[in-house]
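In the part that follows, the structures are each spelled out as C-alpha cells.
Two complexes follow with chain A in common, the first pairing it with chain B and the second with chain C.
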Partner chain A sequence: MEYSSMSERILRSLESIIKNDLELEDFTIVPTEDNSKNKSPVLYESHHLGLESWCVKYVYQYICTELFKVRKSLAEKKLGYLIGENLNYILMGGLFINPDVNTFWNMKRELVESDKLGYEEEFRFSKLILTRKHKSNEAFAYRRWLLKRILEKMSKNGIPPSIGNLENELAVTSAAADGSQNNYHAWTHRIWCMEHFLPYFPDILAREMHFSEKWINEHVSENTGYHYRQFLINLFKSHRQLVMIPRYFHEVTKRLNLFNDDEPIQLLIFLLGKPPKNKSLEDISKYINIMIVLLYELLAVIENINDMFTEHECLWLHRRYILYNLVQIADEYLGEPNNTAKQGKNASICFNHESQSSYGNAVTNIVNENCEAKQPKIFKSQPNKFQSSNLYCVLTEREKEFITRNCAGSATQMNLARRYEKWLKLIVGFDLT
Partner chain B sequence: MVKLYCLSILYKGPTTATWLKSAVDLQGVSFFQRGSVHEFMQFCCKTVVERTIAASRQSVKQGEYFCHVYVRADNLAGVVISDHEYPQRVSHTLLTKVLDEFSEKIPSSSWPNLQEKDVTFPQLTSYLAKYQNPREADVLTKIQSELDETQIILHSNIQAVLNRGEKLDDLVAKSEELGIQSKAFYTTARKTNSCCNFN
Partner chain C sequence: MIARREKHLCLDRSSPQERAAKGYQGGRTNYQDVSSGSERTHHIDGRTIWWRHHNDIGRPPNRLHSQQTQTGYIPRSGQQCCLYLNQLDAPARMAVEVAKYQINRVFNEEEAPINKKLPKELLLRIFSYLDVVSLCRCAQVSKMWNILALDGSNWQKIDLFEFQTDVEGPIIENISRRCGGFLRKLSLKGCQSIVDGSMKTLAQLCSNIEDLNLIGCNKITDSTCNALSKHCSKLQRLQLDSCVAITDHSLKALSDGCPNLTHINVSWCSNITENGVEALARGCPKLKSFHSKGCKQVTSRAVICLARYCNNLEVVNLQQCSNIRDEAVQVLADKCPKLHYLCLSGCPALTDASLIALAQQCTMLSTLEVAGCSQFTDAGFQALARSCRDLEKMDLDECVLITDSTLIHLAMGCPRIEYLTLSHCELITDEGIRHLSMSPCAAENLTVLELDNCPLVTDASLEHLTSCHNLQRVELYDCQLITRVGIRRLRNHLPNIKVHAYFAPVTPPPTGGTSRQRYCRCCVIL
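Then we have the complex of A and B:
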C-alpha cells in the first residue's frame, strides 16, 4: 500500500508519546486543509497531543486493513504471540480517529483478557479518548467493563476496592460533562459508579451533594445536572444509615426562622408532629435526613439559582420534583397512604395495591378531568392529616410567595410560574388562595 | 455552562472597526485550536460592531453562544461573548462599566489611531476573570437594574445582524484577519455541533 510506511510511522510516534508521557492532558484532531508543509502531522506540545486532519483518511485506511486481517484469529485466541503484542498501537490509532467503532473496543477487551494490556494504561487511554469525544458511550462502557473486572477480582479475594478508582471515575465524568452539553453518557456512568462504590464509601454522598450543588449553579439550564441531583436525593430515601449533613440543617432552620437549631428531631416534630409509635428509631432518623435534604433544596438551592438565573424551565421542574417528594414523605410519615398527592405523575412510587385499586377509579377520573377543566373541589372536601400540619402551612406560604415574586419578572418567567401554580393546585392539591 | 469567553473593546471608525483591547478565556477549548477560536471570536466582534449603529445595544444568540454589543454615541464599542446561560443583564452592565473606565483612562482623541499593542488596560483581563461568576460580580457593582435607557435589540442568530445580501460563510471566506487554519476550523466546526447530538 502506498501510504503504509507513512501510516506506520505516524502510529508509532503516537504510541511512543502516550507511553512516555503519563501526564498527557488531551488529544484532538486539528482540522487542516492538506499537507502543505511536508512534516509530521503529530502535534505534541506541553502535554497536549494533536493529529492534523489531512492524514486521517490514509492512516485510517491502513488501520482498518491491518486490524480486520487479524480480527477473527484474535477472537478465537489463535493469534501468534508476537502479533498480539503488536496490535495495541494500531488499535489506539483507530480509536483516536474513530472512537465509535465497538469492534476495536472489543479487540482491546480481548487483549485485556489475555493479559496483554494493563488496567492502568487502559484507564489512561480511554480517558484520553474522552477528552476528544466527551460523549463516547463506548469509552464509558469500556471503563465500566474494566471496573467490573477489578471489583469482581477484589470481592473474590475479600479486599474492598480502593477509593482511588472511584475518584478517578468522578474526575473523568465531571470533565466530560463540562466538555459537552447534555452529556447523559457521562452522568449515567457517574450514577453507575455511585451505585457500585457507595456501599464501600458512604461518606462520598455528602461530597457528591456538594459537588452537584456547585455544578447545577454553573450549568443552570442542564437537565442532566438536576437529574443526577435527584438520583442523589433518592439515595437518602433508600439508605438508612447515611449521616445527616449539619450545614443543611442549619441553613434550613435559618431560612425557616426557627431557633431550635440543636435537635434535628425537634424540627421534624414541629413540621409534622410527634412520630407515630410504630416507627423505629432508624426510620425516624431516615425521615429527618430526607426532610432536611428536601427542605434545603427548596429553601436554599433553588432560591439561590432563581435569584440570579431566570427563565429556565428545568429549575421549575426540579422544584416540582422536590415538592412532590416532600408531600409524599410527609404522607408516609403520617401513615396516610390515600393522600391527594399520589395523583401525580410518579404515582407508582410507594403505596400498597389495595388502596390503589379502591381509589383507582377516582384517581384516573380526576387526572383526566385535570387536563380539561378545573376540578379542585374534590380535594377540598377531604382535609387530611398532612393539610393540618405545620409543614403544609409553611409550604403553601412559601409557594405562594415564590409564585408571586416570579410573576413580576419577564413574560417567559411569568408563564413558567403560572404553569407551576396550576400544577400545584390541580395535581398536588394545594390550596393557594 | 455559565461562562464568559471574550471581552473586547473596539473603535468603530467610519468604514471599519479597529480593536483597542481584548481578553479571552479559552480554557474549555482544546489546546491546538485556541488560536483559531481566538481569531474567530475577534472576527465576530468586529463584524458585529461594524453592523451596530452608534448609541445602541444588541444581543445576538448564535447556537449556544450569546454575543452582546454596546456601541456608545462616541463610537467606542464593547463586545462580550458568553454562553447562553450567562445573564444578559450582567453582560450589558459589564460593558457599560468597562467602557466608562476605558474612556477615563485613555483620551478619546487618540482612539481612531490606536493600535492594540499600544494600549495598556490590564483591567480587562481581571474583569473577565471576576465576572465569570455573575453572583459575585453583581455584589461588586451593586447594580441591579441600573442599565441606561438604551433598548437592547435581541437577534436570534447572527444572520439577522448582517446587512442584506451578506452571508457569514462569504464573510469568513473573504476575511483577511482569519488564517487558513481558522477557516478550516470554521468549516469543520459547522459540521459537528455536538451539543444537540446524542453522541
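Then we have the complex of A and C:
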C-alpha cells in the first residue's frame, strides 16, 4: 500500500495526542478540499482535535486492511506477540472516522476482555466519539458494556460503585443531548444509568429533577426531555422514603394559596382527606412525594413554560401525563376501584402518535379510538370519592382556568387547548362546566 | 499441527540424555538396522509378481493376489473390481489391472525404496536440514521415519515463534524430553502461555542449552531463572524482553550459575534495578551484549558496574533509562573500547561530555542512537565525527540543538553512514543537506534519510539529494517548504526511492465540458 506509512504516522500522532491530553474536549473531521502543503492533517489546538478530510480516504483504507487481517485471530484470542498491543491506535482511528462500525467496537471489547485496554481510557475515548457523533448508539452501548463490567466486578468484591462513574455518564449524556435534537440514544443511556445507579445513590434523584426541569425549560419542544422527566416522576412512585424536595413543597403551597405550615402531610389531608388505616407510614410518604412532584409539575413547571412559549404540543402532552397520573394516584390513595388505571391499559392518555412515552409496564399509550365513546358513561353514572375530594375541585378549577386562558391565544394554541379539553372531558371524565 | 506434533513427541521413551552423552552429532548414529531380511524378500516377491502380472493378463487377478497377500480385504475389493472388469474391453481391463497391482504393491511392501536405498544415518542427516513443520510431516510417514525425524539430534535449534499462540506447557515438556541434551537453541518468542513449571522441566532436561529466547513470555518469573542457573551452566544468550515479573533475583541467580553468559536482554522488565545489574556484571564477565530498554531503575551506578566488570561489552542498549548521567557513559566508554552499538535514546540528562568520551575511547562505534538527548550540540558530534569513522547508523531524532555544522562534520568524518535520522532537528537547513550529499557517504552508502519536522528544509535539499544513488527512503513529513514538484523531480532522478510526505494524489479536476463526440463516426462520415 502506497500510503500505509503516511496513514500509520497519522494514526500514531492521533494516538499520542489522545494519550497525553487527558482534557481533550472534542474531535471532528475538518472538511478540506485538497492538501497543497506537506503538513500533517492532524489539527490540535487548545484541547480540540481535528483531522483534515483529505486524508480520510487513505487512512481508512489502511485501517480496514490492517484490522480485518487480525479480526479472526483476535476473536479466537490467538493474537501474536505485540500485535494486540499495537491494535488500539488503529481501532481508535477507525472509530474516529466511522463510529458506526460495530465490528470495530467489538474488537475493542475483545481487547478490554484480554486486559489490553483500561476502563478510564476507554471512557475517555468513547466520550470523544460522542463529541463528533452525538447519536452514536454504538458508543453508548459500549459505555454501558463497560459500566456493566465495572458494576459486576464491584458487586463481586462487595464494593459500592463510585459516584464518579455516574457523574461522568450524566455529563456525557447531557452534552450529547445538547449536541443534537431528539437524541433518544443519549436519554435512554441516561435512563439506563439511573436505573443501575439509583439504588446506590438515592440522593441523585432530586438533582436529576432539578436538571431536567432546567433542560426542558431550555428545550421546550423536545419530547426526549419530557420523556426523561416522566421517567424520573415514575421513579418517585416506587420510592418509599421521603425524598421530598422542600422547594417543590413551598412552591405548591404558594400556588394553591394555602398556609405554609411545613407539614407535607397536612397538604395530603387537605387534598384527599385522611389516609386510610391500612396504609403504612412508608406508603403515605410515597403518596406525599408523588403528589407534591406532580402538583409542582402541573402548577409551576408547565405554567412557567406555557406562559413563555406557546404552541408546543409536547407541553400539552406532558400535562396530560401529569393529570392522568394525579387522578390515578388519587384513586389509588382513596382505595377506589381504579377507573383510570383500568383505562390506562387500553385507552390512551395522549392521542398523538409521536409522543412515545412507554417504559416497562408504566404508562401504555396504545391509541384506542373506540373507548372514547364508552368511558364517559361510567364516570357519569358513578360519581366516586375522588370527585368529592378537594383535589378534584382544585384540578377542575385550574384546568378550566388554564384552558380558557389558552383559548384566547393564537389559533394553534386554541386548537391544542380544545383538544386537551376534549380529552379531559371524555377520557378522564372531568366535569368542566 | 502442534497437537499432532505433541503426540509424536510423546512417543519416544528412550532417554536422549544418554544418547547425547554418548556423543551423537548431527546425522551420525549407531542405530542397528531394523529392516529384516524377510522384508527384503517380500519386496522381491512383489517385483516378481509385478513382472509375472504383465505376462499373464488374462488370468483372474484376484486369485493371484489372494495367494500372494495375507491381508484379507484387498482380494475382496479385487473381486468387486472383477465384476466391472468383465464388462470392459481388453485395453481398459489391462489399465485397471496395472493400477490395482500398484495399489497392492504399496500394501504389500513395508519398506519404501527410499528406505532401502538410503541408510538410516543418511536419512537422519537429511532430516537434520529440515525445518520444524517438515520434520513433523516426515514423522507421520512411517514408524521408522517417526523415530528418525523426532530424534533429538534434529531438534538442536527450535524456533516456535510461528506457533506462539498454540504453544503450551505440555509441548515444552515433550520437547525437553525429546531433545534432552541435544537442544542448543530454543526460541519461545511470544509464547505467552508458558509458565514456570514447564521452563523448570526444560532447564532440568536440556542442560546444554546455550541460547534461550523468552521474549514476551510474560508469565515466567524468577524461578525460571533460578532453574536455569542451577542446571544450564552453558547458557550464553538469554532474552527476557517484556518478562515483566522478572526481578533482581533472576539476575543474581544468573550471575551465580551462568558464568558464560554473553548476551542478555532484560528490556521492559521494570523491576530490574541497579543491584541486579551489579550482581550480573560481577558474575558474568564475558558479557558482550546488554539490553535494558525502559528499565527506569537502571541508573548510572548500574552502568558503571557493568563497564568495570564486563570489558568485552560490544552492544549496549539503554533506551529510556532516563536516570543515566554523563559519568556512566564516560566510564562505559573508558572501560569498553570494543563498543560498536550504543543506544542512549530517551536519556535527556546526557550532555556533550558523553559524546566526547565516546569519541575518545570507542572508535569502533558503528551505531549510535541518541533520540531525545536534547542537550547534545554540534561540539559533541564534531568530536564524534572526527574519531568514529565507522559510524553507519545514527539516530539524532530531537537533538534540537544541532545545526548544519554537525552535518558538515559527519559528511567529512564518517564515510560509511547508511542510515541517518534528523527528525525534529529544526535548525537543519539546505546547506547541511548539501554538504551531506556531497560527502563520500552520500554517493555510496546513504540509504535512509529521515528529515521529518525539519521546517527549514526546502526543495533545494531534494535537488542535492539526487546525487545519493543508493538512497531508498526519505522521510519528509511536515517539512512545509517541500512541494510536490520537488518530490517529483527527486523521483525522476531516483526512480526506486520511497518519499514519505503528507501528499495525497491531487484529485483530478471535475471534467465538465467533455470533448465527447456527439455523433458516432459513421454518422459524421455520412
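As a working rule, the second predicted complex is superposed on the first by the 392 of 433 C-alpha atoms of A that agree within 3 Å, B and C clash if a C-alpha of one lies under 4 Å from a C-alpha of the other, contacts with A are read in each partner's own complex, and residues count from 1 in each chain.
Simple rule for what comes next: contacts are C-beta pairs under 8 Å (C-beta built on N, C-alpha and C of every residue); 3 or more make two chains touch, one makes a residue touch a chain.
What you see is a predicted model, and the numbers here were worked out from it, not measured in a lab.
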Original post:
After the match on chain A, would you call chain B and chain C a fit or a clash?
Top reply: fit
**OP:** Classify the contacts of A:Lys78 with the two partner chains as first (chain B alone), second (chain C alone), both, or neither.
**Re:** second
Original post:
More residues of chain A are touched by which partner: chain B or chain C?
Top reply: B
Original post:
Touch check for A:Asp115: first (chain B), second (chain C), both, or neither?
Top reply: neither
**OP:** Examine A:Tyr58 and indicate which partner it touches, taking first as chain B and second as chain C; both and neither are also allowed.
**Re:** second
Original post:
Of the two partner chains, chain B (first) and chain C (second), which one does A:Asn182 touch, if any: first, second, both, or neither?
Top reply: first
Original post:
Which partner does A:Lys39 reach: the first (chain B), the second (chain C), both, or neither?
Top reply: second
**OP:** Using the superposition on chain A described above, determine whether A:Asp100 touches chain B (first), chain C (second), both, or neither.
**Re:** first
Original post:
Is A:Met6 touching the first partner chain B, the second partner chain C, both, or neither of them?
Top reply: second
**OP:** Quote the smallest CA-to-CA distance from chain B to chain C in the superposed model, rounded to whole Å.
**Re:** 15
Subject >> In the complex with chain B, residue positions of chain A that touch it >> reply: 25-26, 28, 30-33, 43, 45-46, 48, 50, 53, 100, 131-137, 178-182, 184, 217-221, 308-309, 312
Original post:
Quick one: in the complex, what on chain B touches chain A?
Top reply: 1-2, 28, 30-33, 64, 84-85, 87, 134-135, 138, 180-181, 184-185, 187-189, 194-199
**OP:** Mind listing the chain A positions that touch chain C in their complex?
**Re:** 3, 5-6, 9, 34-35, 37-41, 54-55, 57-58, 73, 78-82
**OP:** Report the residues of chain C in contact with chain A in the complex, numbered from low to high.
**Re:** 161, 164-166, 189-190, 192, 215-216, 476-483, 498, 500-504, 506-507
